[in-house]
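Below you'll find the structures, each written out as structure tokens.
In the two complexes below, subunit A is the common chain; its partner is subunit B in one and subunit C in the other.
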Partner chain A sequence: MPLRRSKILVKWIYENQHKMQTLRRCSSTLRYKELEENSVQATLEHVAPVEAGAPTHQPRPDTTPDISFKYDDLRVSLAAPYQLQRKPEAVDLGFGKYFTDHMLKINYHTELGGWQKPEITPFENLSIHPAAKALHYAVQLFEGLKAYRGVDDKIRLFRPELNMERMNLAAKRSGLPMFDGEELIKCITRLVQIDQEWVPHSETSTLYIRPTLIGTEPTFGIVAPETAMLFAILSPVSAYYKTNSDGAVSIYADPNVVRAFPGGVGNRKVGSNYGPTIEITSQASKLGHQQVLWLFGPNQELTEVGAMNIFLVYINEHGDKQLSTPPLNGLILPGVTRRSILELASQWEDITVKEEVMTMDRVIELKNQGRLLEMFGAGTAVIITPISNVGYLDKNIHVPTMKQKHAVYQRLKDTLLAIQYGHIEHPYAKIIT
Partner chain B sequence: MAQMMRKFVVSNMCVVVGLTRRSSARSLATGKTMPVKKPDLPPEGEITKSVFMSQSTDIYTNLAMEDWMYRNMDFSNHHVMMVWRNEPCVVIGRHQNPWLEANVPFLGEKDISLARRNSGGGTVYHDRGNLNITFFTHRDRYDRKYNLEIIKRALYRSFGIKSLINERQDIIVRDKYKVSGTAAKLGRLSAYHHCTLLVNANKADLSKALAKREHGIQTTATPSTPSPVANLADLDNRVTVESLQTAIGYEYLRTPALHIDDAGERHISKQRGFQFVNPTEDWYPGIAELRDELTTWDWCFGRTPEFTVSRSFPVPAELLPSKLYSATQELIITMTVEKGLINDVTLNIPPGLIESGFHGEASVITHLKGKRFTSEALAALEDAMLTRHLTGDIRKLDEKEQFVAKCFDQVVNTV
Partner chain C sequence: MPLRRSKILVKWIYENQHKMQTLRRCSSTLRYKELEENSVQATLEHVAPVEAGAPTHQPRPDTTPDISFKYDDLRVSLAAPYQLQRKPEAVDLGFGKYFTDHMLKINYHTELGGWQKPEITPFENLSIHPAAKALHYAVQLFEGLKAYRGVDDKIRLFRPELNMERMNLAAKRSGLPMFDGEELIKCITRLVQIDQEWVPHSETSTLYIRPTLIGTEPTFGIVAPETAMLFAILSPVSAYYKTNSDGAVSIYADPNVVRAFPGGVGNRKVGSNYGPTIEITSQASKLGHQQVLWLFGPNQELTEVGAMNIFLVYINEHGDKQLSTPPLNGLILPGVTRRSILELASQWEDITVKEEVMTMDRVIELKNQGRLLEMFGAGTAVIITPISNVGYLDKNIHVPTMKQKHAVYQRLKDTLLAIQYGHIEHPYAKIIT
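Let's turn to the complex of A and B:
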């Protein structure tokens, strides 16, 4: 009899080992440590040139936890005709004003073993307890990526695996649960397939995907939430943004305002980085500028602009054209567009690519010597926004971005758009239908 | 499942490799060169369905949307059913004669649009009480019977209405009333089948718009076959256009793609479901051009196959000189119309009219050639007759000329 009991016990342990979190926790922590080390390493080196089609130069950090929701468990409940939204005129779309008919929701309950089954439901409001941690302590994070309808009528996602990595890294910091990025990509793919007709068939509009993870546990303790929800909503956006008449923006730099600080979460996509930027942005707008240039430190280092990464193009000491952007030193969000630009530009022979710290003094010096050529912001929402003016202290520093004959920013924008819309076949764009 | 995984994990380069591997394996096995194999259509389980609901009620926009989808969308693994309705209009088939099929002056009076669709078949009257459904598939998967079965099952499942499909593929209720019209177009890659369902149409306007007057037209154009019709709402007042389109939509979604069966709610959750579509240029580039083409006179009227019109009019006694004639004095007007334009006109003027001084002939006729078969031609005729007056003062047609003009008017306008 003792033999039979232990056999059953062994069998039970074998079948349920994945539920026994205590056995695995230390190995997850180990993996996270490796991850941090990798990212610190990368900041100290130049970006190595990459062949088109070759795998990315950094080994993909293993952010896959052992317990995750699975796409195979996805339950779909389609909206009935009376629940659908009529489609607006494409010119009215704007950014994030209209949303599609369905949403993805995945709940997490520690008490029930962690991640529950994912579901796609008709778009609806969330019902949330007033004490939910997300509402009080910003225990939340979000992501942004786009789905493009290509010239061959196939829908493509742009490097979604990078967004998944980033999401998991941000989750860890706020005690939110991690998940398998591949499974989330599959769930999002199904969601995009259902709401596909929300992507206009022209090349001026795309579908913006907003996955969000919020801590919903309704207690005031500042500890890791025991319940959370991961949801994704889609918004059709048009490609037109407000700019000056020449298509470029003017930005405002105030050394007294700080977006992120060392040891903080500047390198994570969490909501708490964005809310507090509203006041200064509206002040900048009153002074005639469209975005804020975030400076840091006694040397007035350039970090980011608005909600985008910042790039400069100038003639360096060797007389070569150089594309520069601040390195990932903890203050900078590792943008997907940023990374793609660095990788693509590294393959061009006529330009040097460097991640380096830039200060306002350096910018002014380059400008005075006539060596400053272009300045632009890069992000998923706008792809690339050229900057023609920087308002700093009492001066306006004019940047001749729009006057360049074969502007680097235009070339990068055209290349990225060509990849996204399927004019060029490229591993960055993942076909999902 | 493994197949899907492969698609996600590896880029689309893998798919290309897969195809070439297959064809080279074949030639190895048979030892002879195989013809270029066109890609097989996906199996039934990989086809997902959508129901598109058009946000427009303009017949030209909706016909353009049908055309746009037929030309631009790939239906290999995606079947679509589009539901739409229109403001009052008459839609004639590709090869039909609008003057024969519809009461053109009445349409003009009541501001009812006339449209010619791209598919063949007969004439239908649409208004907001009429539901249009178009089924899109790949050309090889075209199946009219399947589509009509879906409608029949939906009528029964949701409203308990029993119907049958006759040999002409009409849906008949109560054994004799036709509630649907059907037409189709098959292309190289895609095919569509559209039908209309009478839910709550204005039957009075319907019969007036399609009324055949005495017209004297001989043509080889496809004639419509009239049948007694009924509104579905008369059979069961729960039937409205909204409830019917929802019912048919769900029936469509719950049925497997290639054979009739009930795969239930679970199957519905695997599909893409209902979607609104906004058929404007920004959402569907190229649609504006298709729409514009459909509104032109050249398309609606000019595409009419050649026909001949012949009418005879007895000349009123007061226009004849007082004399007794052996035969009844009749003015016979015969015209051939090609591409909607008058080609050849023959006026058989009875001797009585000639004797009383009517001068119209050759010059009048040549003025008509090339004019559109509408009041435009009539105006040209009157002009021509006026210019024949030798004295410049007379701006009015004399009685005989008025009579000829009136007859002419009848030929052109009441047809």
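Let's turn to the complex of A and C:
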């Protein structure tokens, strides 16, 4: 069977190579796969399997509806030569300022039976009705993952199935339609393949992938929308935060400001968690801090820092080095990097790993006893960002993160980067091209 | 001076009447003012003053920035005949399903010096960059007010200056630019004048006005946007909620769900307060209730109901009839209807009016002692909606709102409608055409 398919492919390439060359001249990012006709789709899928090793067409219980959009229905319209943009220099990238030449769009219409066919089109503005619920009631959610160009020049995703799971949970919480995450991974994979020249040839930069799901129904009722749009855009990025001269950030903890609350949406990646933090972050910035450490409750429990999960390294009661992060209690985003850190460090024999409630009093106690070693934030956008100072009430708590000889944050960062950029083979990394 | 301007106007009308007639045929909603050239703008402004009696060009301290957009810069492009829509029947209106022929748009660009010139254009989709902060981080806020067609066929707004004040407070809280509310009222007034035939000829319907301010900057940093768009759209509306057969709604109080929290944005009309309520409201709906009664804290304080402020009427310790609503403690939207109810009822001699904390225990106690008379929600969209049942834990608390002979809610509703529809003259109502 494979042999016969292989023959069909060779014949097809032979017959179509003139088109491939013409088109190749038009677009530096073109891949021959974009020339496929439906008739040879199956063949090509077989030859160049996407997401090798991942289970296909196995809907997830609880999070996947019966009817999802399908990768097999994907239609691709490539950008015309004049639409292609010049790629920025790596040093100018910043975070989320530049976007690639194409985007993915998938519409949902209850009246038309739900999810429509996925489309990849040239990058363009969205045409949105001014009454769309996404613009009035924050009926919107997003995800963030990255495509890394490895040392072998292959492009990898990092545990994308976790982003899909989380995206479906957020959709459920927002009255937005769910979908089969594997299908979206395949669509996104194709998008990255098309714009693969945008994946930076650098280990300090990556291609950030931003799938977004918005409610587009143009009516004013505060109810689940009948129409929605899932889109994904790609942005070549470098560092998220500017750090201080020591390479770390200073964070500000104000017990009076709150990011999330029990019964709310703090554990879902929805727009509502972010807009309300802007004013407070800007106040922290005026006080000389880069980010806000979000506390909660009368005991001032640490929850998150900026838009990152927070980690502490300290010497515990048994004299062992311990890596701790707050448990997922509904206030905290279940970060992919957070989970990976916990899983990776659990395999190390020289450190104890624990999810535990940590209060400001506890942080101060550890600091005063000289047991506090490191503090850092972790997330897809930032990877790992060391923290060297916490502004709290009228004092500063200095954290010796940058003074450790074999810092845990650095070891974790090195491990993550090694997996992401293909220095080591690891099941977390999925080669997509 | 007035005489000379008057002459210019007459001359201009004389010279341009052929255009007016042509255009009048094209658009049922056309007013001669829309034919103005810049040269006669001042003259016409003088002849037909907008917002008579309202202070002009008096920036509000604390809430108004130095540089706002100006009504005088407004440009109007009228819809072409083929763009005009058929007006729906009053019985089909619903809430926010239909929109008028025109809209207002005002862009903000930090790099271009801030607010740009206001524009009225044919109603159309917005072209939004897919990375706009409004779609990812809920950098968005809105207002809701109404234009009422009075018994005298004049069109009135209801205390629009309060909406402007609140909109500026929300902008400040969201990192969005502030503006001079009086200027926006004038722009909105003009928009309503243009689409005045959309203001229903009915006392059960109105034209709902939805000013909206969104962050449009297309970058992924969670910071205040450098670009924004303020737009206003108009929708002819009738009832917001479907009521039960008794004309009232049933509400559901679950102590485990929370709308807002101290340090959050519950007192600002931002999108983030609404999206996260959709799933919970849908659960209440499955249990047979129309809305959610939002409780807060260990004492289960009543805060809001659905998207309304909540009021109770009961017999107090002195044997007097008392109208109560929770105080503005940061968790509660400072409603225009709420404030108007408090102000109006304070002038009545037969009722005590109080802002006070009310807990579920207190509601149950009042009910058990036979002192609870009425419960209702109030807001611009709903006016006043009586509540006859509260589902709480595993029981139902029946409220005899609909059984009162001279119900306070009905008296308040009648008074508000009388002001809004011009049955009585009142300073709350501003005649705009």
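Please note the rule applied: the second predicted complex is superposed on the first by the 368 of 433 C-alpha atoms of A that agree within 3 Å, B and C clash if a C-alpha of one lies under 4 Å from a C-alpha of the other, contacts with A are read in each partner's own complex, and residues count from 1 in each chain.
The rule we apply is simple: a residue touches a chain if its C-beta (ideal position, glycine included) is under 8 Å from a C-beta of that chain, and two chains touch if they have at least 3 such contacts.
Keep in mind it's a predicted model, so treat the numbers as computed, not measured.
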| item | value |
| --- | --- |
| Dominant toucher of subunit A (residue count), subunit B or subunit C | C |
| First (subunit B), second (subunit C), both or neither touched by A:D101 | first |
| Which superposed partner A:K87 touches (first subunit B, second subunit C, both, neither) | first |
| Partner chain(s) touched by A:H398 [first = subunit B, second = subunit C, both, neither] | neither |
| Contacts of A:P262 with subunit B and subunit C, given as first, second, both or neither | second |
| Subunit B versus subunit C as contact partner of A:L78, first or second or both or neither | first |
| Partner chain(s) touched by A:K117 [first = subunit B, second = subunit C, both, neither] | neither |
| Doubly contacted residues of subunit A, that is, touched by subunit B and again by subunit C | none |
| Residue numbers on subunit C that touch subunit A, as the complex places them | 94-97, 99, 103, 123, 125-131, 133-140, 142, 172-175, 208, 210, 212, 214-215, 218-224, 231, 233, 235, 237, 256-258, 261-265, 270-279, 281-282, 306-307, 381 |
| Sites on subunit A touched by subunit B in the complex | 72, 75-82, 84-91, 101, 153, 182, 185-186, 189, 193-198, 200-202, 204-205, 425, 427, 430-431 |
| For the subunit B and subunit A complex, residues of the former touching the latter | 1, 8-9, 11-12, 48, 50, 52-53, 55, 72-74, 242, 245-246, 249, 253, 268-278, 280, 282-285 |
